[in-house]
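Shared chain: chain A. Partners: chain B in the first complex, chain C in the second.
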Partner chain A sequence: MSTAAQEPTATRTTSGIAIEDLRIGLTARPGVDVVDDIDLVLRPGEVVGLVGESGSGKTTVGTALLGYTRAGAAIERGKILFEDKDVLGLPWQQVRQLRGEEIAYVPQDPASALNPAIRIGRQIVELMELRGLGTDESRLQGARDGLAEVGLPNDDEFLRRYSHQLSGGQVQRVALAMAFLPKPKVLVLDEPTTGLDVTTQGMVLQTMGELCRTHGVAALYVTHDLAVIANIADRVAVMYAGQIAELGDRDTIFQSPTHPYTRALLDSIPHLSQARALSGIPGRTPAPGARPSGCRFNDRCEYAIDECRAAVPELHDVTPGHSVRCIRAGEIGTWDISRGTVPDTDPDKKRDIILSLEDLGVFYGHKQVVFDVNFDLGRAEVVALVGESGSGKTTISRCVGGLHKEWTGTIAFEGNQLGHGSRKRSVDDRKRIQYIFQNPYLSLNPRLTIEQIVKRPMELFGIASGKAATERVVELLDQVALGPAVLKYQASRLSGGERQRVAIARALAAEPDVLVCDEITSALDVSVQGSIVALLESLRVSRGISMLFVTHNLALVRSIADRVQILNTGRVVESGPVVQVMESPQEEYTKRLLANSPRID
Partner chain B sequence: MSVDVAPVEHAFEEVAPPKGRHGAAAWVSWIARRLGLAVLTLWLVSILVFVATTALGDPVRAILGKDYNSDKARVAQLTAQLNLDESLVTRYFHWLGNFLTGDFGTSIANQQPVAGQIGDNVVNTLVLVAISAIVMIPVAFGIAMISTNYRRRRPDTVIQTILLMLAALPEFVVGILLVAIFSTTVFHWLPAVTISGPGQHPWNEPKTMILPVATLVLAVAPYVSRIVRANLLEVLDSDYVELARLKGIPERVVMRKHALLNAIVPGIQVIALQLAWLAGGVVLVEKVFNYPGVGNQLVDSVQNHDVPMVQALTLIIAGVYVVVNLVADLLSILLTPRARTAISS
Partner chain C sequence: MSATADRATPAPTPAPAERSTFQKMLRQKRFVFGGIITLAVALFALFGPLFAPYGENEVVGPPYSSQGVFGTDYLGQDVLSRLMYGGTEVLIIALLATVLSTVFGTLIGVIAAYGGGWWDEVIMRLNDVLLSFPQILLALVVLTSIAQPKAWMLVVLVGLSNAPRTARIARGVALGLVSRDFVHAAEALGEKRSRVIVAEVLPNMNAPLLAEAGLRLTFSIGLVAAIGFLGITTDPSAANWGQMINENRLGLATQAWAVLAPVFVIALFTIGTNLTADGIAQVNQRGGDD
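Moving on, here comes the complex of A and B:
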C-alpha cells in the first residue's frame, strides 16, 4: 500500500516525521477536500521534494506538519507522527512548543514573512528568548554562527538591520538561519527560492542541503520547480489536485516517471543541454470541489480510459520505494527524458534584420543603468535577453516597446529610427511593436470583458470594428487556445495561464511584427509555461513574428530563442547564437549563470 | 544623486548598510523642513483668519449693527481700536506683530485684554483633551485587540455594532445620556455640570471632570478602535504573522509584538485628527457640562462680533492642529523602520 504503511516501525524508531492518511477539508464546504489520502515519511537527513502546480495543495500539506492550516481549512483526518506523538492529537500548547524548536518552517516569500518592524537580530533569537533557551550571550552567539553558516555578515551592524535593508537572497538566508537556530529535527521549506536569481538560488539551495545533512534534519521542500527538486531532493513526491500522484527516489522520478501527470510535467520543462519542443498539459488544475471523480487527472490525461473515471486509484508500489497512483502504470510504456528534443537553431542561418539597437544607453534620471548595448533581431527570430535582476534586461525591452524615454543611441525598426517613448512614434510603429507584460494578473483591466480587451487594439489601429472585430477576437482567442466562451468573461474568472493567453491575443490583435515579451512565463506554472512557449513558437513559424524575449531562465532560452544576449549590470557580457553561447560560453559570468541554473538533464 | 557602490564579493551583498554617520544631520534637516512647513501653514492660516474677520465688510458696522448710525463716538472708538483707518496690509502686519509678541489685543465686548480672558479656557480645554486622550488610547486599542481576537465571531460583531452606534450618535446626546444616568435621573453620583469660579480650574473638583472626559472618550474611541481593528486584521493576515505563529510564538506575543507594532501607525494618524478636533472645542459637549473651554468662548465671541477674541482663539486652535499632526507624523515615522531608515540614510 502506501510507503508509510510499509514502514510503521521505522517511523517509531527514527526521529523523522510521518504523515498518515491526512485529509484537510474546507470548513465552509463539508465534503470538499483540499488534500486527501496523503501518506509521506521524512527521514532524518533527507530532503523530500513535494512538487505540484499551484492549487495542488502542496503548501497545505507542508504547514499541516506543524499542525497548522490557513483560515477556512481544517484537518479532518490523519496523523502526523513525530517521536511517538501525533502532532494533530496534541493539545495546542504542546503543538506550539513543537513549532520552531522541533519542527521549523521557512516561508515562501521571506521579504514579506519577516516582520518589518523588528530588527533581524531580534527576530532570529526571538523564539529562544521567549522559551528561555540559553542565555543572552549564547543566543546572540548562536545567531552569529547561524548567519555565518548561511554566508551572511554577522556583525552588530547587520544584526541591527530591518528586513527592508536586505536583498532578496539575504532575507531568504536570514529566514533559513532563523529556522535552524533552535536546531529543529524537521524543516518545512515552502518554495524558499521563488523569485531569487539563479546564483542566489544556487547558494541558498546549497546552504540548505548542507545544513539538513550535517544536522540530520528531515526536510520537506515544497516547490513547483522540478528543476530545483532535481538538484536538492533525495526523494520526490508529485502532487496533483490534493493527492500524491507519484512518490519515489529522485533518480527514479526523473529517469522513469510512471504517472502520466509526472511525465507531462517533465515534458513541459525546458532543458539546459538541448532545445526542446515544449508542451503544456491541456486544461487546468481543478480547484477543490471541482475535481473529477475517479482518478483526479483523468480529464487531462492522454491515457485515460473509462475505468479511470470509475474509482479513485490507490497509491501502489510499482517497484520498492516507488509508488504511483495510476491503474495503467504498467501499460503506458516507458518515458525518455530526451522526448521532444529538437535541433538548436543553425548559427549560420541567413537573417533578415528587422530591429537593431546601437549604442543603447538608458538612464533613470541622471543614473545610467544600461551601457552600450548593441544587438539586432531578425524576422521570425527570437532573441533572448538574459540576466539577473538589476541587469537591465527589462529596461532595454521597455525602451524598445516605447515605455521608457530616457535613452541614447539608436533603436532602428526596418532601418528607421524609433522615437523615444510611444508618444513620439508613428501609429504604424506603435502597431507593429507590441509589448506583453510579466504579470497577467495586473496587465488586464479587471473591469473590461475579454472581448473588449482584445478588440481594443483593433479599434485603436483601425484594423477592424463592430462585428468583424468580434469575429477576429474569436479567431485570435482560438489561436491562443481559448474558446469563444471567455468572450464575455472578465479577467478575474480566468487562471494565470489563460490571462496570459488573453494578453498574447491582445498583442496579436494589432497584427504586430515584433513582440516584446517581458518574463511572460515567470508567474506561471511550468505546464502553463510549456503551452505558452508552444504557442509562441507556432506564431513565430506561422506568422513570421519576431520576438524579444526577456527572461532569467537559461533553460527556457535554450528551447525558445535563436540568439541570446547575456546581460550583467547593464552591459552585454556575451552574445551570439544560443547553441554557441550555451555550449561553449567564453565569459566567466555566463559560465557562472549556467553552473548555477538548476537542471534536470 | 550618485550612489557609491563598494566593491562586493557576491552580487547579493549589494544592499548598502544604513548610513549612521549622516543620520543625525538628516534628522535635523528633516525636522527643520517640517517645522518650516508648519510655520508656513500657520502663517497662511493667520492671513485667512485676518481677512475673514476684518477685511470682509465693515467690522464696525457688523459689531454695532443698528447702533452704527446713531453712536458716532463708538464708531470712532472702534475704528481707532481696530486701526481701520490704516491699509489692510499694514493692519495685518501690525496685528501679526502684536500677536507674535504675545499681545492678542483687547476684547471689544468688555475691553479686557484678550490674553487674560482666553488663557484659562485654553488651558481648561487642553487639559480636558489630554485626560481624554490618556483614557481613550488604551481603551480604543484594548477594544480593537479584543475585537480582533474574536474576529468575525459573535463578540466581535457585538462590539462592532456598539462602536458603530456610538460613532453614529452625536456627542452631546451621549453627554446627555451620561448625565441622565449618572447625575440626575437614575443615579446621583456625579455632578451634572462644572461649576468653577474665575481663576479656578474645573479639575480642582476632580469629580466634575469624569462625565466630560467620559463623553469625549465615547465620542472618539469608536473611530480609533475601528481603524485599529481594521489594520490589525490586515496585519494578522500577513505572512509575517503567519510565520510568527508557525515559529511557535505564543498568540499574545504575536498580537503584541508582531501585529500591534505594525498596526499602530494608521491609528496614530486617526488619534491625531480626533484630538485636534477635540481641541477645536467640542462646543456642544462644553454646553452640556457648562465646561469653561474654548468652544464656548469662541461661540460667544462670534455672537458678540468680538473680532480680536475670534482671531486669537482661531489661531490657537489652528496651532494645536498643526502641532498635533506634526507630532503624529513624527511618531509614525519613528515607528515605521522603513520610513525611519529612509530619512537617516
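Moving on, here comes the complex of A and C:
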C-alpha cells in the first residue's frame, strides 16, 4: 500500500498520540500480518485499555507506539503520529530520544527491568542523568519526589535498597516512578499488574490512574484482564487476532457490547456480585498466518453467516465514539450484563462430609507457614481456598494431595487419617484424591504422548489396560472436549487450555472422589477459564466429585464454590458459605480483599 | 450450569508439529561438519586394516626413511599402514569407555538430584573427591601395578574416571527436571521411584546428555592415546596411535611424519566429536524441544 496517498492527514493537529492504519507483518513470511488495520487515538489525560487474549497482538501494538517491533516482525504500513511527527519515519537517534522521554514504557515484569546490582536511588538518579534532567544536586531530591508521588517511602534507607529487597508491588511502583520522571506525554503499560496480589494491584492501579490524569498523560493500558480495564480505562479497545474488534467508551463497552467476541469475553468472566454460569469461546485464537478469511472471528462466532466469511468487515461507527468490526452489529440484539447469572448455592444445603482437616499446621523445615486450619469438604461440593500469595493456600492443598509431608494435625478422608506424603498412603487413597496443577505447561511430561499420560493412572491403579484403557482414554478426552486426534500428540502441540484439559482427563482417569485444583485457571485466558470452569461444574454434577479449589480470584469463587475459606498468612480468617462470606463479610481482611478485587458488575 | 458445557471446545486444531531435535541438529552447520569428520575418521580406523598397503608389523625398509606416503618408523615399519591398523583399538576403547561413563555418571547424577537432601550431599561430595584427581593419574595408579593390562581394564578405568564429570552435568540437568510438576504428578500417583526416574526424568535429558557424551568421547580418545603414549598398551607390538607418538619421538627431527600423522588423526577426530557435541548443545540450548 502506498503511504503517499494519505499525505494530507499531516495537516491536522493531534495532541496525544495517534496510530493510523498500522500493519505489522512477519519478515520471514511475507503477506502474513501480526496486527492489521489498527487506528487508535490516545488523548492527553486519558487511559485507553487495550484488551485481548494471548496471541491477539496487543503487546505488538503497545510497543509499536515506541517505534519498536520484536525481532522477526516489521512495521509494513501505517503511522504513529506524535505531535504531528510520524514516529516511524524519524531517524533512530530521535526515536531513541523520544523513547522514555516523551513516550514511556512500563513492562510486564519490572523486576527484570531493574538492575539487580544497582541500588534503587542510584538507578533513578542514573536515569535522570541519562535524560539530562536536573542538576547534580537536584537529582537526588528529584528521585525522592518521584518515589513520593507513587506512594513509596523515600528515606535514605529505601534509596539504598536493591530491587530484590522490594516487594512485587513496590518494584512495579518504582518502575512507574521511573517512567513518570521525565514527564512523558504518552505512557504504554504492558500488563503491569499481572502477577500482583489484588490489594497491591488495586494500589498500583490507583497510583497510575491518578498520575496519568494529573499530568495529562495519554496512557495505553495493555492487558488481558477485562475486570482491571473496567476499573481503570476511559476508553476500551478490544483486540482479536490482530485487529480491533470493538472500540468505545468504557461504559459503552461494558453495558452494550456489540461485537460477538466482546460479548463472548464478557460471558466468560465471573462476577463478584452474583454466581454465573460461565461459558468459554469454542476453538482457539488463531495464530498469525492461520487466521480465517473474512471476519477473523467467523469460525468461533455463534452469529456467523456466509457473508462473514466473504470479506473482512470494516470498523464502523454504530454510535458516535463506538465502533465495531461486525457486519451484523445491528442485527444480533442487545446484551445484558446479568445474562448467565444463576442462583447462588443454598447455604443451608445438607452436607455429607468426605474430607476433613483438623488443626492442620504445616512446616517448611522449622518454619511454620500454616496454623490451626480446620475445615471440611462435603460430597459433590466445592470448597474454595482464597488468599494472596504467601497465605498458605497452595501449601494446604499440597498436603491434602500428598505432595507435602511436613504437617501436623489431622487430614481425614472418610474418617481415616491420611498419610504424610503420597508414599505413605494406601493405593485407594492415592487413587481417590487427585491433584491438578496450576501450570499445564509444567505438569505434562513433554516427552510422552497424551495417550500415555492419560492412560498411566489406569494402569497404575489397575482400572484398565491395553485396548480397554485406550478406549477409556478416548472417552475421557471426549468428556473434556478434546477429540481422539490428540491421542498421539505430545503436549507441546497443544495450547494451554487444551493441556489443562488433558491434566483434568488424567485426574479423572483415576476415577477420583476428590479433586484438588491448585489455581488451575490462572495461567489461562479468560475465555478458556470459562470453559474449564463449565467443564468442572458438569463433572461435579454428573459424577458427584468434590473439589478443593485454590484461587486468588474472589469473583471466580462466587461462580464455582459452595463454601469458602479466606486465608491470610497461614490462618483462616473467615469461612462459611460463599453467599454469606461475600455478601456480609465480618473480617477487615475479607472486606479489603473484596474492595480491591476488580469488578465489572 | 451444566448446559454451558455444550459450548465448550470441539476437537482442537493442532499446532504444526515441532521439528524433531534430530532434524534441528541437521540444520546446524557445526553438527553436520563435525559429524562428517567424526564419521570419516571412524571409518578410516575401522576399515583401515583391510586397505593397508603393508602388514601391521611388516618391516618395509630402513628406520626413519621417507619410503611410502608417511615414511617408515623407528623399526622400519610403514607409518601409513600402522596408522590404519592403530585406530580401531583406540576408538573402540574410547567409545565403550564413553558409554560406560555416560550410563554410570547419569545414574549417579540423577539419583543424587532426585534423592535430594542427604543423598545429594553425600553422593556429590564423594563425586567431588574423585573429580579432584587428574584423570590420567587415576588411571595410572591402577595400570602401573599391572604387568599387562587387558583392553577391558582400559575401558573400565577411562570410563570410571570420566563418570564423575558426567555425573555433575547429569545432576544439574536433572535438578531442573525433578522440581517440575509432571514429576510431582507422578509421585502423587504413587509411581515407584525407579519408574519416575526412568519414565519421567530420563527421557527429558536426552539432548544435554548426548552433548555431554560427545565431549566425553573427545576426552576419552585423548586419555586412551595418552595412556598409549606412556607405553601402557594391551599389546606392545600392535600399532596404536598414542604409542606411535611415543615410539617415534626420537626421530622427530629426521622423520616427523611418523609422529605427526597419528597426532593429526587424533586431533582431527577430537575436533570432529567436539563440534558434534557443540552442535547438539546449541540446538539444545535454544530449547526447541519443549
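Simple rule for what comes next: the second predicted complex is superposed on the first by the 584 of 601 C-alpha atoms of A that agree within 3 Å, B and C clash if a C-alpha of one lies under 4 Å from a C-alpha of the other, contacts with A are read in each partner's own complex, and residues count from 1 in each chain.
Please note the rule applied: a contact is a pair of C-beta atoms (placed from the backbone, for glycine too) under 8 Å apart; a residue touches a chain by one contact, two chains touch by 3 or more.
Quick caveat, the model's predicted, so the values are computed rather than measured.
Q: With everything superposed onto chain A, say whether chain B and chain C fit together or clash.
A: fit
Q: Between chain B (first) and chain C (second), which, if any, makes contact with A:L66: first, second, both or neither?
A: first
Q: One more residue to check, A:Y105. First (chain B), second (chain C), both or neither?
A: first
Q: Look at A:S293 in the shared chain and tell me whether it touches chain B only, chain C only, both, or neither; answer first, second, both or neither.
A: neither
Q: Which partner does A:Y162 reach: the first (chain B), the second (chain C), both, or neither?
A: first
Q: Just checking: does A:R456 make contact with chain B only, chain C only, both, or neither of them? Give me first, second, both or neither.
A: Touch status of A:R456: second partner only.
Q: Measure off the angle at the C-alpha centre of chain A toward the C-alpha centres of chain B and chain C in the combined model, and quote it in steps of 10°.
A: So the C-alpha centres give an angle of 30 degrees.
Q: Rounded to whole Å, what minimum CA distance do you find between chain B and chain C in the overlaid structures?
A: Minimum over all C-alpha pairs of chain B and chain C: 5 Å.
Q: State which residues of chain A lie in both footprints, the one left by chain B and the one left by chain C.
A: Shared contact residues on chain A (touching chain B in one complex, chain C in the other): none at all.
Q: Going by the contact rule at the top, pick out the chain A residues touching chain C in the complex.
A: Those in contact with chain C are residues 277-280, 282-284, 287, 290, 340, 342, 401-403, 422-423, 425, 427, 430, 434-435, 437-439, 442-448, 456-457, 460, 481-483, 485-486, 489-490, 492-495, 497-498, 501, 506, 510, 531, 534-535, 537-538, 541-542.
Q: Considering only the defined contacts, which chain C positions touch chain A in the complex?
A: Answer in residue numbers: 1-5, 7-18, 180-182, 184-191, 199-200, 203-204, 289-290.
Q: If you look only at chain A, which of its residues touch chain B in the complex?
A: 63, 66, 68, 70, 96-101, 104-105, 107-109, 112-119, 126-127, 130-131, 153, 157-158, 161-162, 164-170, 175, 178, 197, 199-200, 203, 365-367, 388
Q: Given the complex with chain A, which residues does chain B contribute to the contact?
A: Where chain B meets chain A, its residues are 1-3, 10-15, 17-18, 238-240, 242-250, 253, 257-258, 261-262, 335-338, 341.
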